[in-house]
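Two complexes are shown next, each including subunit A; its partner changes from subunit B in the first to subunit C in the second.
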Partner chain A sequence: MKKMNLKPMLKPESVAIIGASRDPDKVGHVILQNYINAGYPGRLYAVNVKSEEDILGVKTFKSVLDIKDKIDLAVISIPAQFVPAALEECGKAHVKTAIVVSGGFSEVGETELQEKLVEIAEKYGMPTLGPNCLGVMDPRSRIDTLFLPTYKLSRPAVGGVSFVCQSGAVGSTVLDLISGEGFGLSKFISYGNAAHVDEVDLLNYLMEDEETKVIIMYIEGIKRGHEFVEVARKITKKKPVIVLKAGRTSAGMSAAHSHTAALAGNYEAHEAVFRQFGFTIAEDLSELLYFAKILDSEKYPHGGRVAIITNGGGTGVLCADAIGSNPDLTLAELSDSVKRDLRKSMPPLVNIRNPLDLAGDAEEVRYGKALETVGNDENVDMLLVIILFQTPGADSRVAAKMVNMKDRLGKPLIVLSIGADYTRMHRIMMESAGLPVYDSPASAVKSLAELLKYARYKERK
Partner chain B sequence: MKKMNLKPMLKPESVAIIGASRDPDKVGHVILQNYINAGYPGRLYAVNVKSEEDILGVKTFKSVLDIKDKIDLAVISIPAQFVPAALEECGKAHVKTAIVVSGGFSEVGETELQEKLVEIAEKYGMPTLGPNCLGVMDPRSRIDTLFLPTYKLSRPAVGGVSFVCQSGAVGSTVLDLISGEGFGLSKFISYGNAAHVDEVDLLNYLMEDEETKVIIMYIEGIKRGHEFVEVARKITKKKPVIVLKAGRTSAGMSAAHSHTAALAGNYEAHEAVFRQFGFTIAEDLSELLYFAKILDSEKYPHGGRVAIITNGGGTGVLCADAIGSNPDLTLAELSDSVKRDLRKSMPPLVNIRNPLDLAGDAEEVRYGKALETVGNDENVDMLLVIILFQTPGADSRVAAKMVNMKDRLGKPLIVLSIGADYTRMHRIMMESAGLPVYDSPASAVKSLAELLKYARYKERK
Partner chain C sequence: MTLYEYFEAKKLLDKYGIKSVDSKYVSSAEDAERFASGSKIVLKLISEKALHKSKAGLVKLNLQGPGISVAFHDLERKGKALSPYKIIAQKMAPSGVEIIVGGRTDPQFGKLILLGLGGIYVEVFKDFSLRVCPITKQDALDMVNQLKSKDVVTYGGKSSALLVNLLMEVSDMLSKNDFIKELDLNPVVVREDSYEAVDLRILE
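After this line comes the complex of A and B, so read on.
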């Protein structure tokens, strides 16, 4: 399989924004402004056929051919009919990679126009992303081609999750959610119509990318089945891939075709491939995030026995139910010595069992002792700690305790905290410190099960 | 079936807080403070055996017997062993109803102590809620027995949803979520061990309560099966009831028993009863809220044909998939005249189909025209409008447009908006105005299906 070199696209030392504009309503303006705001440290150029002067203080040219510098990446945002000529100029100027943000190609029936782009990209050996996409974001190299303003779409912190997304809309919402939750991003790549660079190329690149620990994907169609299987077979042995595939139903398939001109294909066939090669399958947008955060923690369980520690009885019951309904998980049977230790350290009203209900007045000391004791039980593979911040004892000290203890535990630990503002504040605080936090019993328990499934797949030779 | 008069508990003209305390760490202090903060307009008294002076400026007595006033409600928060004597005094003082907040009864094996409470309550004909509960909250009558401070647990606005909850923990988190989302509460009743007042009594009361439009319930065990069936048969013809039943699995059942001493019983049997009598069944905590907000809008569909209007193609595809996978729903086939009208009013790049993708630059005018036209299509029963606020065109004017148009539409309308802070602000704004807003394709579509199911049950004679 021919591999594309996507490094100049994701780690460019020089960028030209073609279609840069002085008009704040133009996409080319927002993109240029975002590069400036993100503090892009490389060499930045603007291209505008009509421009006589610099735009936003950035050196501006009438054509990319006029730039006397080697360009790693050209970001093209001009009306569709002018894109082929601009791309041709990029090729002639030895630009290494290109991103076509503009829409107006296959997705509206303009397949010939799109084919022209592919011809040019091939002729010059210039990997070209899009068209009809948001482009890329990499907080480490401070590149940001997204034309969505930061007050509407906040940008995530640096982290280990890379997100490959065929849809700009889905991409932008998930990106916004990632930043809202406080966990970090490695790369965001919206690839739209996938005319040239497609999911196979992106997975090949991210498989070898050391900054990427987990990959999440939203895909509408897979064009190169054989090549996809080839990379799928290898990638999940190296790192987890979570996939949300649109077009599960005929209603969705037809909608996908009109969206990115994707041929969604038979979902069952796709799902069989995903399962065979250890992909983690998301059934809803929210699951992309739920599964990403637990897999990003890179701590794998040896079995499915879960211990629950809680300061709210009912929430513990609901989690026990969710575990009881999951074929891969069981409620751990605490060992006798652990029970004896707990009996000594817990107040008399605490019932020594799993779920362990610490009661509403549990504070950092009680939580700490419980987690330390239960966490060392050899009958326990994974820990689910419920912290309801509405209760009198729960506060930032409990949250900090969990964060501090997480690295000392040799086992996966997740937190469930449900509530509004006061809770949300603590959720973000724990999540930012690398502790996966959930907001419902179902999502927490399902994430534990998916972590176990991936751990088992990875162990298999 | 003997009906209890719970009005003095929920609409008390006079309240005595037994166990009121000057110590801010005591439950009795927080409860008294909450009554004061909530601006309770009735006559408020404090009772403390040791107190010589008034507490928090409230007239304080050594015993409820010393109060020369008729007391509608006594809220008791003192150590368990002293509760029977205090309750006996309430009976002698002709107190009409009581809430025992204190724990330390059946849930820790103290069944005799709990039976004493029931005897006293029965002897005096004094409906008694609890023990081991959070008590009640009614924003209309400004009563708030919750001992959880408002900075941790924000209180919801006045609305139509009443929440009957056996678990204090579950209750407090859901209450916090309700207030965080911006939709309103009629009554919150946490009934703990259900020693005297139980779910049957509460449903009987709420069935006739004009302020209650929708009931959500979290229950661990049902003690009086026959009586429950009797009220279940009647109540769902009047108003929807959404139920989350713990103890679906043996793991959950055993956990529930140790929590509120509930005998969870066979889940399948319970579920059969719920289904037979048109209860809406929640499978996770989050579904209590998802279903409550759509049922609270009291607008019922005549069929399952859904139209999707979106400013993000991929999110439309995911919703189409969710509809395609739901046996009760279909993607509506827009009528020819509606398609013609849309072709005239929409920009050329908009593909006239369902989902209707208005594109990323859609603003209030385009949204308004689309909703007006599609909303009047006789082939459409329900509307799902996706507003991704990350896009250039979406802002508060689009949100306001949806709110304004909702009442003019004779059909159910819900919104799906996914994202962080900027999105959340708009979600709350729309939700507060009575428009149900969702945060994932799966939850939005499942809620439409549950609305349809209830509408069909209600229509049946």
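After this line comes the complex of A and C, so read on.
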């Protein structure tokens, strides 16, 4: 099967919103409004069968065929039964790509109606996303087909993470959460029923997309297994893919004849493929974000020896425990010369070992010296710095020090900060400078382990 | 799905270098005794109607001398309800760790290969790893290392290479034989330097 050209869908120079409406309650109105709010710089048209009067100041036509312009992307948001006719018109008008936002197809048993869409899309060679989806968002090209108002769903900043999501509901909540994270978004693609464009097409596109550094995906099922394996084999050699697969507890193979079939059902088969081809497997929504931010930092470790620097003894021990029980990580044994240097630069109350407890009065100078010294230890592959902002010594200067030092270290560095408002403020400060910050020992340590696993996979062969 | 004939299956395994225990169909107690010729044997009843043999009491282990005839007649009696059936005699394998090596055809991804802690522990611990065929040597090694019981099944690493080779051979067989819908080699008895499949089942 030949590759689909999805560029006109994500980087359109002209867009027609089919089903644009003057009624603010209509989806077609919200989509048009969002295009205006996002400041879409291309040529924008509205299509409304009932009227040719401008909507929201946008030139409006009764049919896409009336627009005397080449259309890269048509966004269709009209009742399901009218969609095939509208899509057919798009084909005749040489529209390059289409997104069918409308629901009411195979997800409610209307498979024939959906097959009609696929037929039309195939006939005109017009990649069609959906139906029953949120569509796409690309903050760089300022396109936003989401029918969720911006005051309800915050839009993430521009960045390198692309998010491919089968479910609209999961898509919008995770997108909202990403906007609160320090990393930015390259593309959001909600593909709904995957009638025409599916995960294989999307991965093929994102693999070559230079704006995409990391891919996160939520999928319910893979339709083209062999093609998926083909793209999976290649993509993780180029960039990390983090995947969350729903349907873990599905009945599986109830009528299995062999032990093998009883053990290895549908979920297990998917998981096997992900594992074999170096995908990073997330077990819940929050892990999608945890793993995305560490992989987005693009700094890979050469081993699993972790050094912990902390201003709180107990939290250091919790992290050491989490490292000790992770099969891929070990607590680094600091080298003698590093220990000697630390002894000279640290106050007497600091016990020179790993975890290195700098004590509650540690301020940016002590943190800086400790990180510099431990960070240069050849026995250390990764650094976990705990900053508890409730302590007397920790304030914005410590956060700024971490940000300043992160690029000077040739090794992965993450921060663990647990707390409420004051902590959150510093978390955002550090994250928006590209430093991954975690809020629990478990999530921090698991993220380090996943980073290492991906680094090892990427180095292979 | 139907059960592929036992000795046809064994022949296929032989062709790919996959070792399984010496076996023979026996039609009488005397026949079984002749096969044993003094050493310990196992008797198994094979029928489409009984796919989980050990649960149904259709496997008789550690047989020797007069025990062979008693076991044979018991299986013959049980077989009446499971007709058509056959009784197979096998040499007892030297003891070792029991693993499962399996395969199945997935509607999405095609042939899958499985390695797990075997025998009666399969369904209790569900300690297994799975990959899409054909696998690379690295994939096979990953499969071994993914098991929680890896130190047990590899004797602390000593039989790792043996298992990697076995997995490569099974993957090769699965990939080249489209007709195999499901495969169970369970158990495969593994020792530090050798192994053999003690029970085998191919569904076509």
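By our rule, the second predicted complex is superposed on the first by the 444 of 461 C-alpha atoms of A that agree within 3 Å, B and C clash if a C-alpha of one lies under 4 Å from a C-alpha of the other, contacts with A are read in each partner's own complex, and residues count from 1 in each chain.
The rule is simple: contacts are C-beta pairs under 8 Å (C-beta built on N, C-alpha and C of every residue); 3 or more make two chains touch, one makes a residue touch a chain.
None of these values were measured; they are calculated from a predicted model.
Visitor: In the overlaid three-chain picture, which partner chain does A:D284 touch, first (subunit B) or second (subunit C), both, or neither?
Guide: first
Visitor: Given the touch rule stated above, what does A:A269 touch, subunit B (first), subunit C (second), both, or neither?
Guide: So A:A269 only meets subunit C here.
Visitor: I'd like to know which partner A:H259 touches here: subunit B for first, subunit C for second, both or neither.
Guide: It touches subunit B and subunit C both.
Visitor: Between subunit B and subunit C, pick out the one touching the greater number of residues of subunit A.
Guide: Between subunit B and subunit C, B touches the greater number of residues in subunit A.
Visitor: Of the two partner chains, subunit B (first) and subunit C (second), which one does A:R460 touch, if any: first, second, both, or neither?
Guide: The second partner, subunit C, only.
Visitor: Look at A:Y422 in the shared chain and tell me whether it touches subunit B only, subunit C only, both, or neither; answer first, second, both or neither.
Guide: A:Y422: touches subunit B, not subunit C.
Visitor: Name the contact category of A:G104: first (subunit B only), second (subunit C only), both, or neither.
Guide: first
Visitor: Just checking: does A:L56 make contact with subunit B only, subunit C only, both, or neither of them? Give me first, second, both or neither.
Guide: Touch partners of A:L56: none, neither subunit B nor subunit C.
Visitor: Enumerate the residues of subunit A that count as touching subunit B in its complex and touching subunit C in the other.
Guide: 256, 258-260
Visitor: Under the definition above, what is the set of subunit C residues touching subunit A in their complex?
Guide: Answer in residue numbers: 1, 51, 100, 102-104, 106-110, 112, 114, 116, 122-123, 126, 128-132, 135, 138-139, 142, 146, 182-184, 186, 201, 203.
Visitor: In their complex, what parts of subunit B are in touch with subunit A?
Guide: 25, 30, 103-104, 107-108, 147-149, 151-154, 165-174, 176-177, 179-180, 218, 220, 244, 246-252, 254-256, 258-260, 283-286, 310-318, 320-325, 330-331, 349, 351, 353, 355, 357, 360, 388-392, 394, 418-424, 439-443
Visitor: Looking at the complex, which residues from subunit A come into contact with subunit C?
Guide: The contact residues of subunit A facing subunit C are 222-226, 228-229, 256-264, 266, 268-273, 275-276, 460-461.
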